[in-house]
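For reference, chains read A, B, C and D in written order, and residue numbers begin at 1 within each chain.
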């Protein structure tokens, strides 16, 4: 078991709900500071988005933060260098796209990630059927390749995804792109339930969680939450690192069992 | 024999070359004066153009004078009234278009012409094959319906045209519209020769005669000339009635046998 | 609708008599200089049309170049809305986008057979000019298109298209500087070049033999449609046959296929160019027919949103069929035409020419007021596609 | 030209293997949310394509609505000038003006069969959008078209056309605001509406089964052309089969008819969008193929005078055929394309789409430098008509 999964399981087993903030690598000059602030606010791991020119899965906010990062010259290399420099005390998960992985080659890519201290990898346009070469490379470099399951995923397929995912399973809360929604879809609860029947991996709920209330509700049935657009929206709107940290701290608080 | 043909034959038999100036009816306020000036300059008959909205046979100059006349409110009635008022001492030939004749009906049209003292009629878009109703009406009102022959007209057809024309035969000097040309086409001489073999009617050459030299050349083989665009061009360019009269007098002089 | 007379009359003469007469209409009212040229065309066409080789050649070109036969498309959704069975004869699918090409290729092949080396054409909106330029390019014949100066300004796209096809476009500056002046100028131009030039006239009008010849070249529409209906319809022939009427070529060609059937023939004119509905007998551009004119015999300007119907006259055969009662002529206004254009687009996915939309507009009206009874079968010739009209439509929306 | 490999290879696999693989290309690189939707399309298409009734229905619609078969026109005058025997497969005559409609109607009928109620499409220049809006109107299915904001500005005519056909055009404001962003947005849009919406993809690209399915819907081009050549050519099959390549659908459909003959297959890319000639393997919009990208894997923008070739990727089957050597891929630049457009117009009377002119331009070049030997027979798919490009051409002259 790799470091990421060891950590997520341990937290889950200790009854602690996982908080996984997402930050687009290179989106600002001081994005490295945000990693520290996230840790301070109680993040259990951090997803770093590797900006891609054609982010098919992402909604407007992450598209915008990706565009901004690319315009600022973000590359895989530079982002990894910053991660290595900051070396956050929690696992880092690369949130990438298939072409960014395959262009240098899955093995070279995973090696570079591992070198920089990254512990996990999510490739949203690499479904389980297409994962084999990347999964092998990740495994070779002790990276956990976490897979996504969606409300549309059939039961048999959920089982397959759950079995082959590493680190945790990412449950996509709704049929849609990344981005804040008023509330998670009904189907989220159902999806998490299905995944639980298939695996004892922690199940993290993501897509559209934007407010403490939603976080609290998710904590009622999932092992944790990923929050990206809500954070990036604030960042793009000019929030300071301190304000972003405070927002994450609110979410952290909301995740704690009531009372 | 009607008055026009009596006159043209008499002139021809007396060795006098015919001069037939053309004036667009209603082209200016004082176009009636031009009729008198033409007579004074030695016209043997005068063609009055009845302006039509779509003058298929006419070149740019007569198109322009027709447009101008229509814009000034020219109608068959008004032009005829002016002809009656001026009552030139030479025959007047109406140069019309089929639709102007057929709209009121050939009989009514010819009656009105005759009433105003008009002696002849040319309808350039009414070839011999289509002439019957108009020819009958003209005959009934003692109008000479003069026909045109063109360089493209086959021999047999020339004979038919020559036989059925009244007043004179109008030989079209070239394949083209009305309008001044540098010199009449070679074919003009040939056409006149053919017509002569078929008829003893005077043969008048028209289309493109613009200068005394051309008039003199035409006088060498035809019984006279019609001149329209060259006159109207000068009129549109602002020549006075006196100047136009002088121009016609030059042509008249050129028609007299040299020496 | 005033009158829709039923059934065929045996009295309908299919070929003009005497000097190109359809009843009292038709004829050859041209300057003497052009009479021999018209006679030459008449002779050549009569020969060619009787020559199986010529007809085979034309059929071949129409098949491999134009894409004939064009299909008959049932307008399923619009039919359901209207409660009638509407079939569209798809001339919009022909190369260059309308039926005009059928006639032009016939005449261009005839011109080549006559040994002519150049083509002349008049054009208004530019559709016939583009079609003639196309035939000129295909057969390697230099082509001159006469076009009113005002139309050149309004139809720059088609002017450019003709230029790309290698044609020379000559601006006509006389009169209203529109189609009717271009027609006059084309005749004038022909006079000066008749030796080596062929005048390719754009509709079933002009001096004999053009109205007859153009109808014969366009009858492929009606003949095909008749065969297609015979194969597809339980009744064998449609109850109504509808086409728009500008000069009248697509309607004449369509009607030719059905004149001896019980089908009711309906020609649809533009309200602002309704020579049959609002005109009177007159002579224009070489033929006698119904024309829009004032009491003095001066020709009026036509006004229609559809440039191809913007002509003050109409082919003589239509005046004849109207007098005879064999065909009915109706008119629709610009507003109905716009509504019909949009409706056909939304229900059938077909952006038709504004000219063709006149026929659609009448069917919509007539199905609504019961003139077309429920479940009647209507064959409608969709004479062209609407690409050329998009700028107009955009301005109006 | 670098390489033109002869003859068929038995090794060419006609149907993708595994998860939609053409060799190492293809696949289904989409978010998990869309995997079941793609699988549903795959299943539905596999069923439908094996169902003679579905195929008969599609064949019927293509015949009576689109006007198929489109003819093969010998380009007689251009052939004489080039010293080769050039035949044009006339997709420009298809309803809506290009081959796009073949695919769209296939998919729309499939969508209806699947019980979907709405259509989604991406579009660049608007051709595929117009075709989808057309199918939506024909079948009464509300249609949403995703289109880059910049393309909307540049292609107002097609935007208007889609609106007239009743489609909703949604501006895409992300990224370069052009076709590639519209593709991404269409996938995103599909995710949110997958229950009742069908994604109608416009070329032989995208996640499995689209590259295969679109090729199958477009193979009507190649199948017809093969039959037509067999009837018309002494040799039975042409020596060269040429088509332009954007996403690659018209070429794939054309090649499908000839892949098992000795014909040399040539795909012509735009110099500024030459994914095969200048790209490298990558994953974009759900599939693996050759794409234009930088060393980091960021996708490059393509640039071509022909909007339809302005795409940084290419359908996976072409990457496969190129690797295999069964087809050759070449590119031509904008200047050659313009010259070819004018030349075809003047010699054959055909104003073709700038996309299609790429194929013509290559034939002109290759006949000139001997790559195509004298008297060789060349079948060229003329994928569309040029009406949409007139504004561009006017600006450039």
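We adopt the following convention: a contact is a pair of C-beta atoms (placed from the backbone, for glycine too) under 8 Å apart; a residue touches a chain by one contact, two chains touch by 3 or more.
Just so it is clear, the model here is predicted, and its values are computed rather than measured.
Q: So, comparing C-alpha centroids, which chain is the farthest one from chain D?
A: Farthest chain from chain D, going by C-alpha centroids: B.
Q: How big is the gap, in whole Å, between where the Cα atoms of chain C centre and where those of chain D centre?
A: 35
Q: Taking the mean of the CA coordinates per chain, how far is chain A from chain C in Å?
A: Here chain A and chain C have centroids separated by 67 Å.
Q: Just the number, please: Cα centre separation of chain A and chain B in whole Å.
A: 97
Q: In chain A, which residues are in touch with two or more of the other chains?
A: Correct list: empty.
Q: At least two other chains touched by the same residue of chain C: list those residues.
A: In chain C, no residue touches at least two other chains, as defined above.
Q: Can you name every chain pair that touches?
A: Chain-chain contacts present: A-D, B-C, C-D.
Q: With touch defined as at the start, can you tell me which chain C residues reach chain D in the complex?
A: Chain C reaches chain D through residues 63-65, 67, 70-74, 77, 90, 92-95, 97, 133-138, 140, 156-157, 160-161, 164-166, 341-342, 345-351, 387, 390-391, 393-394, 397.
Q: Quick check on the complex: what are the chain A residues that touch chain D?
A: 52-60, 63-64, 67, 70, 75-76, 97-104, 124-130, 147-154, 157, 161, 172, 175-177
Q: Spell out the residues on chain D that touch chain A in their complex, using ranges where they run on.
A: So the residues of chain D touching chain A come out as 19, 27-37, 174-175, 180-181, 183-184, 187-188, 191-192, 194-195, 281-286, 288, 291, 293, 295-299.
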